[in-house]
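Next up: some structures, all given as structure tokens.
Heads up, the next two complexes both have chain A, just with different partners, chain B and then chain C.
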Partner chain A sequence: MSAALDLITRVRGVRGAMLVSADDGLVVAEQLMEGIKGGAVAALAASLAGRLRRAMEAAGIGVSVFWHLQGERGALLVVPGTSAGGILVVAVAEPDVNIGLVRLELLRAAEMVV
Partner chain B sequence: MADDVRALSAQLAQDPHSLVFLRLGEALRRKGQLDAAARVAVNGLERHPHLADAHDLYARILTDKHDYEKAFDEWDMTVRIAPNHTGALKGLAFLYFKVGDLTQAEAHLDLAQRIEPDDPSIAQAIAMVRGGAAPPSPAAPPEAPATPTAPTAPTAAAPSPASLDESRVFAGLEGANEGLLLIDGAGRVLGGALKDKSGTDVTDAVAAYLAGVSQEAARTAKLLGLGAWSGLSAEGQHGNVHLSHPTPEALLLVVRDRGVPLGRLAILAQRATTMARRWLERET
Partner chain C sequence: MSTRAVESWTLQPLTDFVKEASVRLVLVLTPAGQVLAQSGFSRAVDVMSAAALGAAIVATTAELARQLRQPPFAALNHQGHRHGIFLATFVTERGTLAVLAVYDLDISSIGLVQLFYEQLAADLKAASPKGAVPKQVLAADFERELTDSLNTLFGR
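The block that comes next holds the complex of A and B.
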């Protein structure tokens, strides 16, 4: 699991990466810079993932493969769900991070933790 | 003209990577063979996706086919690649006029005039816009205008002020009636509509779920120290979505199939957000 998180945290601009249980929002593994509260990230990411999943299913788009919340001072990037056996692979990043690169590493990490 | 098409087709067959497709597409367009012209333009775009003139050609063909939403997208792409492309600026001005946005129409023509100050057709188009008449469609060949000007003026076509305003929320955007949804903070629909793959209207169901997503996104961004959230992009199994909030209370969803990459979807969403914000400001 540590190797999976290494893939993500080595990308420039990533402040932390985590594996989160999608069902209960608890931390499974984490590599975070100081100041990031793992428990809060896990709970909020899982909650938002659940709401987003329901909206996307209602729209007929199916389950999400990747999502990305952009804020003024940073971004939350997530590869959710089924491909990782109910585990969310989560990254917290600077606002100017290379999103395409983080997405690729999140997907690779998700394959590793299945 | 038929000889032109034959000769150009032969040239293109000989060298499929050449830019002769631009002349062939235009020749077919002028002959009114719009499906054939569109095929030529699309094939050309596949080989030259960053060629501004190719997007301009396709936009003119789409305008002739009255597919104004896609034409807008193509001209928009043209000016992203070549900001001084006066043909595209005139095209966008024409489309803005058609949806009643005279300010944008005139702004695009003004920009075109700054780039080509000696082009009398631009000055003429500006005068027409100021006088309330539609500027000539850039798609129409000079000798045989394809689009009559007066009947396309939005003031002549408007059925009522209320329905006109609603239809303009996303006017000019691709898929405005099927893949865009604007809701208020309580999940009530303000504009747009959504259909699933089978064509079933899922507008109300999605709107209800989205109200929760918006609040959750705002809470998550705040608690994680990300500041105010500006957008949420998601890649699904059968499509991509982008969420944004034109005003603190409203939420805008843009849905497209997976063929539209998230980056392009974000650009489209940004444009829709601006339009929605303007509309909301006018309404309140």
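The block that comes next holds the complex of A and C.
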């Protein structure tokens, strides 16, 4: 699991990465810079993932494979769902991070933890 | 969902917790089983049962911890197929209080409940009457106290 998180945190501009139990909203593993509330991010990201999954099912557009929430001071990037065996792979990043690269590493990390 | 309090300082923190954590049922009670506030219950008998069982679990887990020579357990979570039950205690100026919450697994999670429970405990600690001596419910007054509490909790 540590190796999976290393893939993500080595990307420049990533402030932290976590593996989160999608059902429980609990942190499974984390590598976070100081000041990031891992437990809160995990619980809220898992809650959001559950609601997004239901919205996408209702819309009939299948499961989500990646989401990216851009804030003023950073971004939250998540690979949710069954592709990672009920584990969400979450990254917290600077606003100017290379989103494409983080997405790639999140998907690779998800494959590692299945 | 109705949220009512016997002690008014508990109402706002409990209302916020119910909204944020998306919990279905909540009791704020003393370890003796005296209910200070409730949310989501529609029948007095359910509040009485849940309070008695919650107080019993607090007592048994405290004794279990004592026998293991450990400090009392901070929180207990039971996860079923569709619902989870969360029970935790914390200390306020009003004395030790327990929170018993029941949540649906498809709209909430233990992570979410734990997160907002911490906020609830902090809010209740801040709101609790300072310097108050916890009121002892004497056996002679127990039935009247219970009836008064249930009347308040169910708006009678």
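As a convention for this text, the second predicted complex is superposed on the first by the 114 of 114 C-alpha atoms of A that agree within 3 Å, B and C clash if a C-alpha of one lies under 4 Å from a C-alpha of the other, contacts with A are read in each partner's own complex, and residues count from 1 in each chain.
Assume a residue touches a chain if its C-beta (ideal position, glycine included) is under 8 Å from a C-beta of that chain, and two chains touch if they have at least 3 such contacts.
This one's a predicted model, so the numbers in the text were calculated from it and none came from an experiment.
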item	value
Fit or clash - chain C, chain B, common chain A	fit
Partner chain(s) touched by A:23 [first = chain B, second = chain C, both, neither]	second
First, second, both or neither for A:72, with chain B first and chain C second	first
Comparing the two partners chain B and chain C, which touches a greater set of residues in chain A	B
Touched partner set for A:42, first chain B, second chain C, both or neither	second
Which of chain B and chain C A:3 touches, first, second, both or neither	neither
C-alpha centroid angle, chain C to chain B via chain A, nearest 10°	120
Distance of closest approach, chain C and chain B, by C-alpha atoms in Å	10
Touching both chain B and chain C, residues of chain A	40, 44, 47
Chain C - residues contacting chain A, complex	22, 105-112, 114-115
Contact set on chain A toward chain C in their complex	20-21, 23-26, 39-40, 42-44, 46-47, 50
Residue ranges of chain B in contact with chain A within the complex	194, 196-198, 200, 202, 205-206, 208-210, 212-213, 216-217, 219-221, 223-241, 253, 255, 262
Chain B contact footprint on chain A (complex, rising order)	36, 40-41, 44-45, 47-48, 51-52, 54-56, 58-76, 92
